[in-house]
Structure formats: structure tokens, C-alpha cells
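What follows is chain A paired twice: with chain B in the first complex and chain C in the second.
And then the complex of A and B:
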């Protein structure tokens, strides 16, 4: 049993815009690339050229089909990673204290030196956000690129998670969701950002912006014909359009 | 509370960052390659780079798996067993190059056309084309013929540019963006960046596409059109706009040939422009009602003019599209889009273009000398790609889309579509094709060009096609990118003739780059007596693709991080509307195998063959390698592959070669940009300031303002020939087809294959798309990307799914006139109800790409290519026509129609080919 901090100074997290995400998987491999050589053990790949390639990814994208009651079917692309919950069940369930939530910024991390690979945290996470690395035998999860966001060796503009930096459509935002004046909090307020599965009581830090309403063509009045072409013939139309009558 | 461990928040990132250009697809994004202890440790986008502005796609970020891929070829190989047996021996580069020279040299001295040199996903066409020209063979092209030549050529013939590399929406000002048939590619990151920007600004996005994935999934509105009918929908939109008078008359009069007069007199000039004594087309000036030069100062062309019985292009156009056959009610059924929906879309286009017009406070002067106080804009923009162009009516459909942009007045105005330098570039600024061979001599000029009339066709004196692919022949007169997909079938059929050596670069013709793949594999091994029908095949690639086994000599290429390249203004540059741009690749790591960059090898071959331009006077090699060529080659005096840092390092566009040029590019992040001056950013084809800048920057030798071609005179010239006029006459069996396809106004006709196959019982359209996370076959062996998409399904719409009682886990048998395949299926609702589709090129042949034999790509993965023939079934006249657009020869991949049966659960897709013998060992760890 591991304790959560009573409160955190910041609530750093991601805001993901489902209205903009085209499902390109750029964030998936940028995350894989950075974290393969970053915090903790590499993200290994089993059977990479074989029948069942299966590696560790900290961020995955799923595409869902949605059939609205009125309107055409839709596809929603849905990126999924650790939500850095305030009441993170993956932390409280950890028997060794390896899983913890940072008091200063709320990031949920795994201290790999203390992880025994028991997998309890993955069972406890309702979002399926943790993956056991088969080579290292330790639990891997999104670190919010904790080794980037404060990294003095990176230019200031690059001190953001790799997935945010790479996102081609700008559908991923990073910031302090605990600060109502932050850009991410303002977007949440403007666009009705929401929690994933709030009923689980985990109080996720990450938020999602919902897809905007689709397939509602502006009810602009249809174009009115200039005149009755059948009656006037092409010559009449030509005179009218060129302002001669 | 648990004590938090201390962690290092500022670990060193890498030892060094080297900036080069990505090659995981054709976007050519800038990348920062991080190195630790000399090895690539991480790849990210370059924030300063004009193409990707820091972002990078799934492929780009997985490039690190490409340089360690087990499928990399390791040394030159010579075939020692039967072709296709996989029996090769490693040889030295000297042996390999001498062997190639021993095959090629006699051909050059006797019959240069016997060498066919076709390059697939080549990004060095200004070099490869120049080499082929020096060799003297007419048989050269890259892969555009089976990709998107319809889009490119229709754009050049209509407005002087097309989408992607030629131009893009004004992302910052557009309010309504409409995409047609975008198959999630071309261009990848720029479109995604643009869509993100539109979403951020709250602009509206509409997608016209049978499939609602990817970009279409985030569109505000989706029109799930029936494949191959986009042109009809577009012409119906034009009908609605004309009917309501919602067309930009001022724009049409000033910037297009709407005001030119069309000769109405029966005879050999009917339908050409009426010309004055100086042979110039002219307009009638509204102020005087007298003929006036089209480019005269102050002239106001009268769109309603009739002069000596000749009416204006505007009247021909309006009368054509106002006809009832283009009314929404007449096209709705065919397009699968309701008439109301079409009318709504037309109203929306008109409302944004005319009621929400914008103005930029920027004075400018046009080519006539008229001064304009500002730059009005119509904030509607479009993008289209292979989805509309890979049909046999694709050329005319792409022309229709350009016409829609023209009547709305949205090309090169704020908020509309903007050219990227060196475009705009009208037909007149392009060469005509060259093809005449003389043994031992170079070709008279570049192979690929823009035909103005029948006199520019590549025909031998007996009227037969001069090129092996029959490009620029009566079968497809405007084949501006050649027709790579016809090379192997034509060479084997000896139609128009046999060749000796087939030299291919980066083109997987034994698999996903060919139609009718199984037949092509047979053609590659076909024998006549003891000899192969294609006697020699030389292939260069970096990886053990399916094609490798069918070559006699393999010249192993490097990966993209181990080589020099230039992305040149002479070729397919990386410009933006605000700046001309070019870039380089350079070896950020050295190869650890006996491989060489193909372009350096080509120059070495050229020197060994003594090709002009590649040897010094004493016969020694002119260029050390490709890097040396990039810096020191001059196409015209002072003009070379790269525009930046010329002369003493300060010259742009024109200047002497600068030996330090590549170093300067590397210091600058691997690219260079020349910014378009402020007053020249819009109205480029007619803007004096832009024209002058383009000359100074080396794109033109003299200003060349022009009018957009609503009416295409080159097309009309082919119709006239088909009608029997002129000395150069088509064969009789092609007359009717030419009369239809070469209509001088954009028209629509049912795609050839589709119209016929409907009658034979193939009612369902079948399409492919490229996933955004994988490109062609290149990335499919990538250890990370194959975990995202290692298997493909045939996606079936609800109607078909339910009609046949399909269930999850089922396979289907899919038939076309060309054969059948058995493939796994999945249900997808957001899909046109008569369309099925799959991801392109996920399926692999067993044994290729260093994948295990039981890899999902080789077991359940599949290609639709087996269902598509490069020839249409025989027609009434007994002739078999190419499955290509009759104007350009573009492969009509998306004309495919099929029928489907439920098979039930199954373990593997069919056809299942025998494993291809391995030329590299199976991969184990990454």
C-alpha cells in the first residue's frame, strides 16, 4: 500500500482534442522513440520480425466507430495513455512504493528500482494505461516525459512531452490543469473538456475535448436561380449575369 | 507518505544532433537526428523546417528502426541460379559496375532504346533523367504514371500547377476547406498541420470521400460519394453556381481565357482560338467593342462578346454546364449524393466565396501594367489527391476541380489556393517530350514534357510508339510522367518492341507497385527458348523487397540516413507559398555494410560509360560522387541543383558553384529558403513583382504571365486530329475515344473499367488507402510500425455485411474480371454503401523483407493488386486497352469493381505464393 500526496502543487497533464485527432499514430512512435532511450528501462519489442510482434508502448491510439442517432456514422480516434489521476488506484495498490505520484506536479511514476513486476497496478488501472516490459520485468507507463519537461539540456520550446511536440495536427496540449488560468484549463472551459470514465472515481488529470457536432451543414438558404433559364434561354441568362438587363 | 525517489530531471539528451531530411515517405520533412556514441538514438522533427515545422509523423519517428532493419541489403549481388530462385553470389562493386557496363555499353552504341531505366520512388529525378538523356534512351520515367499524374498534368494544363508540391490552401485565411478523395497521404504532415490550424481557427472542413477515416473523420461534414463520380458532382456544383450567377466575373475576365474567342468556322481551326494578324488570340474590349490584345493595359475583356460568329470561352463554358444533364437532380443517383446535399454544398461555397470575401491591404501591379490598391480574396480552398486522380476519368475530373476553383475566383487569392515556387508554371514554360535516339549520342532533350498538339507525340516514322511504355502516344497523349506500370507487360509482349536491359530503382514491380502482380512475376521469369524474354534486369534498392529475387544484378543502396541527396528546385522541391525551398540529405551515420548511394553509383556508371557531362576531357570521372555533383553540376550557367549559398555563399538562385555549399546547408539545418517578396505573395501568375522575383531566382528566364485555361487548346487539337484534320492522324480505333476524352472543357464520363464491369456482374467498388503510419511497402517491415498495422482487412459497409451474413472473423472471396482473392473482412459503417476498401501494401510475400514466414503480413495480409489488370478485357474490336486514363495514361487503380461471397473463418489469405528465397536472413531481434 502506497500513499498518495494529500495535494500536489501543480496538476501537469495532457489535454487531447478528439475533434482534431486524425489517428495518425505520430504520438505513439514519438513516445516509443523517446522513452526507449529515456527514463528507466528501454521499451523492448518481442518477436519484432515474427508472427506475434509485441512491444511496450506507453501511448496507443484506438479508432472507434460511432453511430449517432441522427446522422451518418463516424469514426473517433482516441489516444490513450496514463491520465495521472489524483486518486490513482495504481499507486495505492503498489506493495513496494514503486508507484508514486509526485507532490510537486502530480506526475505518476514508477521507481523501477523498487518495482517487483507484480502487475497489481496494471490490474488496478481502469484505463489499461500500464504495460509490463517483457524484457526488463518492470512496469512501464507514461512519465509525461519528466526527463524532458524540466530538462535544462533541451531548448525551452522542447520542454514538453514528445507526443505533444510531434503531434502534426496540434491535437495534444500539455500544461497545468490545476491552474484555471493556464491555456489548457481555458481550452477545457471553452470546449467542455471532460474526464474519462469519471464514475471510476480516479479524478484523472488528463482531459479530453469532445468532437464537435458533425454533419450539420449550415442551413444556408439554397442558391436562387437568377431567372427562369427555360423561359429566357441561354441568351437571357447571359444578359442577366453580365448585367445587360 | 512515501518518500519520493530523487530522479535526474535534466539528463543529457544526446552527444550530437545532425539535421537532415526524412525519407520515410515523400513529404521530405526536416529531422533532428540525435546521436549517442556515434549511433542514432532518437529522431524528431526540425522546428525550423518549412515542411513540418517541428512535427513528425509515425513513420518519421520510427526511422531509427529503418537503419537497423534486418532486411537491409549488404553487398552487390549477382544472380547465379534461375531468375526468381534467390540464388545470388556476393560480388565486389568493381565487378558489379563492370558487369553493368558490359551490358549497357553495347546497347548505347547500337540501340539505346534497348535500355529501359525506370525509377520508382525516386527523389532525384533531375539526376536520373539527365543520366538517361545522356545515355540516349527514350525509355525513362519515374513512378508518377501509376501514382498521381492526372492531378499534376490536369493542374499544369489548367492553372499551371496542382496540389501538394505545386501549391496548397491558404491555411491562415481560408474559411471553408473541401477535400476530394484524399487517401490519407500526399502530403502528410503539411495537410495535418493545416487541418489542425483550421480546427484551431474554427474554419469549416468538408470531406468528399467514399471512406470516412483519417482526415475525413475529423471533417465537419462528410459526403460519402460513389467512387469515380467526383467529376460529375463538381460539374453539378458549377451548374448551380452558374444558374445563380455566383461566379467571379471580374476574375474570369482578367485572369482566365474566358474572354478569348473560339473559332466557330467549320474546318481545321474550329474550336481553336480566333487569332489576329500576328497569330495572337484576342478579346473584345468592353469599352470599345473592338478586338484588343488579351494582355493590353486597361483592356476589359467582354465575356459576352460575339465577333464574326465566334463566341467567348465563357459562353461555351456556361452553356455547357447550364445544361440539364448537370443539374443536381440529374447526377444525384449516379454520385450517391442527394440533390439537396449538392445544392447545399454549392450554396455554402458561394456564401463563403462571395458573402464572406476578404481583402488584404497590399497594393500590387499586374502584368498588363494595371495597378490594384489591394488583394481581394475568396476564402474557399480545396485539396484533392489520388482518390480522384487514379480513375480513367481522373484527368478530366481534376480539371473540373480546377475549373470550380476558377469560377469561384479562389486560385492565388487570399484564403484560396496558393502556388509554391517554382510554380505557377504554365504548359508553355515546360519542355515538350524528347525521344529521338541516335546510337552513341544523348537524347535531344528531357524525356518528359507537356505536349501542345499531335506534333509533339513520341511516335516513330511508322506511327508506332517510340517509348516502351507508349507514353505520349495516341493511347495517352499527355503522359507527362511516363507509364511505369506498362513497361514490363509491353516489353514481354514485344509491343511496341523488345528491350534488352531493364534497369529499376526503388520500385517494387514484383509486388505492390504492379497491377496483376502474379502475371508480372511470370513475365519477369518468362523465357523464349533458353533466354529470358527480358534478358537482363538490374535493380537497386536498400532492402530485400519482393523485386530483389527477380533481378540479375543487385546494386545495394544505403538507407536515407547514410546518404547524400538533394531535394531540388529542378525537380520536386520543398517550397511553401511564401518561399522557394530546397534541402539536402547527408550521411549522418556511415553505412556498416558494403553499400553505396544509388546516385553516386549512377554517376560512376555514367563515367565508366563515358556519358557526356559525366567525364572530363581526358575521360576521367567528372564527379567524385553525388555530393560533388550536387555542388558542382550546372544545368544552365549559374543554375545548379541547389539555389542556396551559391557563388561566394551569398548568391541565391543564380551563381557560380560554391565548394562549401553543402557545409552551409548543414549549418542551416539541411535546407534553404528564398522568401517571396511581400507584394508578390498572391496573384503570382499575373503579379509583376512575383514574375520579376521568379526570374531573378532562376525559375524562369523571362517573365511569363498567362491566363488560366478553362478551354484547353492542346486538347482541342487532339479532337481535331480525331475528327480527321491535320497531317498527323490517330489510328482509326482510337478516334472516338480521343473525341470524348480530349474535350477542351472538363467533362465527365463513367470510368472505363467500371462502366464495362457493371454489366458483367461486378457491382461493388474496391479501393485502397495508405495508412498514415505506413507508406507503400517501405515501412512495413519496420519493427514499430508493423506492430501498429501488421494485418489488413477488407472493410465492408453495413449493407454488404448484412446482406451476406458476415460475422467477425470471416473471410470473403472477392472476384473481379481479372481473378479472385480470399481475404479477411471487417465491418465498417462509415463507408459508401457500395464500396469496400483495404490498406495498401500491408500484405507481403513470404520470405521478403526479412520477416518470418508466419508473419501476419505474409499469412493474412493481402493485396488488391491481383484483381487489377494493366489491360482492360477485350472490347468489341478485339483490342485490349491499357487500364489507364486515356489522356495521361495514369493507372486507373480505383476503377476496380468486384463481387463478394462469404467464405467463413479461415487461417490465411489467398492467393498464397510460394515463399520467395531469402537474400538476407530472417530478422530476430531489432
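And then the complex of A and C:
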């Protein structure tokens, strides 16, 4: 059903900390690995070891450089995956009902058995979160690891998205962004978490935490005092003599 | 956006077919007997052939019937319905013309209106997409409608109506180019808003997330070939709207129609190629290319 639910009981999603992400791409690999064996058609690769490799991924990490008005330039690593939008345009455009948003937790999914592979949903997503699988001819997107988070066969600690579980710096958080008391909502409130491209009117569930303001040391280097050495005694006399020659 | 040949052929031919069928259904061509079969067959052939071409870009065309299910929200689904309903509404008129049943022409008028509705539904598939600002404007349905009716009038040999419609088409085309060039900036999406990094400064791309190609780059970030856009815009306006009317004015009708429609189609294909190739998707911002 491509009608969006008026409200969802929970708003499960990711919170990505751009201050902490080091751009290691571990989440990209973990996501690809998990989704090669879990939900729906495996994410295929074309010409993986050849000259022109290409493949389907549900999560990609960009790197940007920013020159703040005051302070040193910064490199910011930027993971990009489905934001599980409240007003998801990808869902309403789907002609077959393959794309849908779950009323219970807000996760946006594709029923691959109903997908005709028209690609319209990928056009409708402003964030490039959907990729058509070239082998299966069906649309792939982040499932919020729906086959992990409710999976009783996994140990408790693993019942979170693969990308969150694997992130070595803890830059990815998972939780209910609709519950103001959840850990993720508190982080959003504390650190001014924000939406991507709010002008597109999609009301994303996922939020991003901005990079923290970097300290500006008052001195060029912590070692600076040590560099300003005044030679005394014999060394001072030698210094003076050598300076004159 | 990637200008996929199947989608360009689909939208141009089905638009022309429905435009032509609208004129035939409204009684613009008083045909009966076997000539009626040829005329109606041509209209159906163009419309249905165009729709068939659209299935070539599907990943799983064997499930295409499911596309009728989501008409409540999806313009693609609505387009499937309007096309089928229109083709069914046209059928009694076609039979009436062929066998001389004398059904009231009012039925044909209803079907003619539905032809236009089908073309508008097709255009809304593109016009609804906010992420492609150039398309997301009322000028898109106006453009598709003008192309369909002008082509239809030319093919039906309605010289005067075609001349009037061609003027409209030329104006809408120029308007679509002009408005379209401003739409992306007007939407306000930048790399800064796409990443939220405008909070700390102006971001620039440092490294791409992958060294090879991917679906997004192939499908939505089509940057090659735009360098001929200016020339193609001129070709589109001159061939689609100006030359056909001049040809119809000087050549005898029968040969004139063939030449005029051929010229019009050259312009229509150029315009439709540009419609895709010039459309920039906001996802290109993340990659620093549009």
C-alpha cells in the first residue's frame, strides 16, 4: 500500500554523528555483508574484479571539506543511507504497492515480489538512497536491518543494525526518534541534530549531529616555548662568534 | 537524468498517438470503411506501441499488471488506468466509423477528452518529482499536452488548428526552457543543505564514496552531452513547431502531412531528449556534479 500511514507508533531510525565518523567505510562493508545473505535479493556486483566494477550498496560514505569562517579547514565524512522519511515521496509514487512505510515502526521497505523495477521511487528520493539491483531488477534500499532488530535468534547485543553494530567509533546510533526520552532523541536535543534537505518536505526520521566546533589553540604549537632557546656560557660565546663570521 | 531511449520513444509516440486519436474521435477526419481501419489503426498503433516501449525499461516487466493497483497515490498507476480506459472508450467510435454504425459523435468527444487526460497523466509522472526541480512545474503538463495536440493535428491534416497549436507549442517550449533554467536554484537545495554542513561553512567534495560507477551516477547524474543543448533547443522549436506549419502551407495536403509530421517528430525527439538530459536531480549535489 503506497498510502502513507497518518502516524507511526514508533519512528525507528539512525542518528549519525558527523563529529565522530572517521570515514573508515566499515558500515558500508557491514551493510553490504549483511544484506548479501538476509532480506530479499542479495546485493549484486557487476565486474567486481575487472576494469569497471560497479555494485549495489545501501549505504555510502562521502567525504567533504569545509572551510569555516573562523578556524582551520575540516574534513567531514558523511554516511548516506535511507532516512526513513515520514513524508516519503518514494512510497507514494510506486505504482505497484511494492514500496511501503510500516505503521508500527515507520520503516520504509520494498516488497521485492511486487516490484516491477520501474525506478520511479529512486527518482523521487532526493537523497539517492535507493539503488536498482542490476541482477535482480528490483529496487534495493536500507531496511534498517529489520531482519536483525527484531530477530530473537541473535544475541541481544546484535539486535541492532549491522552498520551501527560495526562502527568502530560509535558514530552511528539506532533508536526511536519519535520518543523524546530515547537516547537518540536526547542526543538530537543536546547537540542540535538536524534534517537533510528540509526544503524537500520529506520529514526525514534519521538525523545528523553536526561536527563540533574545533578548539583554536592560542599558540602555534605546544612546543613553541621550547623553540625559543637562549644559549648561555660557552655555547653562548660560540653562538656569538659564529654569528659574526 | 539519463535520457533512456525507451522512455523517450514511449512518451513521444504515445503522445502523438493520443493526440491523433483525439482528433479522429472528435470527427475531424470523416472516414468510413477500410480507410477508417487504416486511420484508427495508425492511432492505436502509435499509442499502444508507445506504451509497449515503456515496458522495456522495467526490471521485471512480467509483473507489469501490478502497476494498476496504486492509483490512489501513484501517477504511474493512474496513467496505466487512463490509458486503458481511453483506449476502451475509443473502441466503439472506431467500430462506428468502420462499419457505419452511426454512434453519436458526443461519445467521440468524451474519448477525445480522455486522450488529453492520458497525456497529462503521463506528464504528471515527471512533474510530481520534487527532486528534479526542472520537471516539478505546471509547464511540464503544458508541454506534453501541447506536443500531443500539435502532433495530432498535423497528422490529422488539420492545417489551421495545427498552425494555431504550433504557435502555442513554440511558446510553451521556450517558456519551459526559460523557467526550467531557474528551477534548480529556486528550489534552494545546495550541497550545504544536502549535508547540513552549511552550518559550519561552505562544503566542497573531497572524496567520492566509490571509485567505480553506480546506479545513481548512471540513472540520475547524466552530465554528458549537454554541451549541444543550445543547438538542440533551436532544433526542437524550429522542427517541432515552425517548419511543419510552413510545409503544410506550401505543399499539397497528402504529401504535406507526411513531411510535416516527419519534421515535427525530429523536433519532438530533440525536445524530449533535452527534457531528460537537461533535468538535474538533487542527488547530484552529493557527488558535486549535476
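Throughout what follows, the second predicted complex is superposed on the first by the 215 of 245 C-alpha atoms of A that agree within 3 Å, B and C clash if a C-alpha of one lies under 4 Å from a C-alpha of the other, contacts with A are read in each partner's own complex, and residues count from 1 in each chain.
As a convention for this text, contacts are C-beta pairs under 8 Å (C-beta built on N, C-alpha and C of every residue); 3 or more make two chains touch, one makes a residue touch a chain.
These numbers come from a predicted model, not from an experiment.
Student: Return the chain, chain B or chain C, that is in touch with more residues of chain A.
Tutor: B
Student: Figure out whether A:180 sits in contact with chain B (first) or chain C (second), or with both, or with neither.
Tutor: neither
Student: Taking the superposition on A as described, I'd like to know which of chain B and chain C A:240 touches: first, second, both or neither.
Tutor: first
Student: Scan A:208 for contacts with chain B and chain C and give back first, second, both or neither.
Tutor: Once the two structures are laid over each other on A, A:208 reaches chain C alone.
Student: Look at A:54 in the shared chain and tell me whether it touches chain B only, chain C only, both, or neither; answer first, second, both or neither.
Tutor: both
Student: So, does A:146 touch the first partner chain B, the second partner chain C, both, or neither?
Tutor: A:146: touches chain B, not chain C.
Student: If you stack the two complexes on chain A, which partner ends up touching A:3: first (chain B), second (chain C), both, or neither?
Tutor: Touch status of A:3: both partners.
Student: Answer with first, second, both or neither: which of chain B and chain C does A:131 touch in the superposed model?
Tutor: A:131 sits against chain C, while chain B stays out of touch.
Student: Could you say whether A:65 touches chain B, chain C, both of them, or neither, answering first, second, both or neither?
Tutor: both
Student: Once the shared chain is lined up, is A:74 touching chain B (first), chain C (second), both, or neither of them?
Tutor: In the superposition, A:74 touches chain B and chain C alike.
Student: Using the superposition on A, tell me which residues of chain A are in contact with chain B and, in the other complex, with chain C.
Tutor: The answer is residues 2-3, 23, 28, 53-55, 57, 63, 65, 67, 74-76, 97, 114, 211 of chain A.
Student: Chain A touches which residues of chain B in the complex?
Tutor: 1-2, 4-5, 7-13, 36, 41-45, 47, 52, 54-62, 64, 70, 188-189, 192-193, 195-197, 199-200, 212-215, 217-222, 224, 240-247, 249, 303-304, 315, 318-319, 322, 341, 343-348, 350-351, 772-773, 781, 783-788, 790, 828-830, 850-852, 854-856, 859, 922-926
Student: Considering only the defined contacts, which chain C positions touch chain A in the complex?
Tutor: 1, 57-61, 63-64, 66-70, 72-77, 80, 125, 128-132, 187-189, 191, 193-197, 199-210, 212-216, 219-220, 281-283, 286-287
Student: Which chain A residues qualify as touching chain B in the complex?
Tutor: Per the stated touch rule, the residues are 2-3, 5-6, 17, 19-26, 28-30, 32-34, 37-39, 45, 48-51, 53-55, 57, 63, 65, 67, 72-77, 97, 100, 102-103, 109, 111, 113-114, 146-147, 150-154, 157-158, 162, 165-171, 211-212, 214-218, 220-226, 229, 234, 237-242, 244.
Student: Mind listing the chain A positions that touch chain C in their complex?
Tutor: Listed in rising order, the residues of chain A that touch chain C are 1-3, 18, 23, 28, 52-57, 60-69, 74-76, 78, 80, 89, 91-98, 114-120, 122-128, 131-134, 136-139, 194-201, 208, 210-211, 213.
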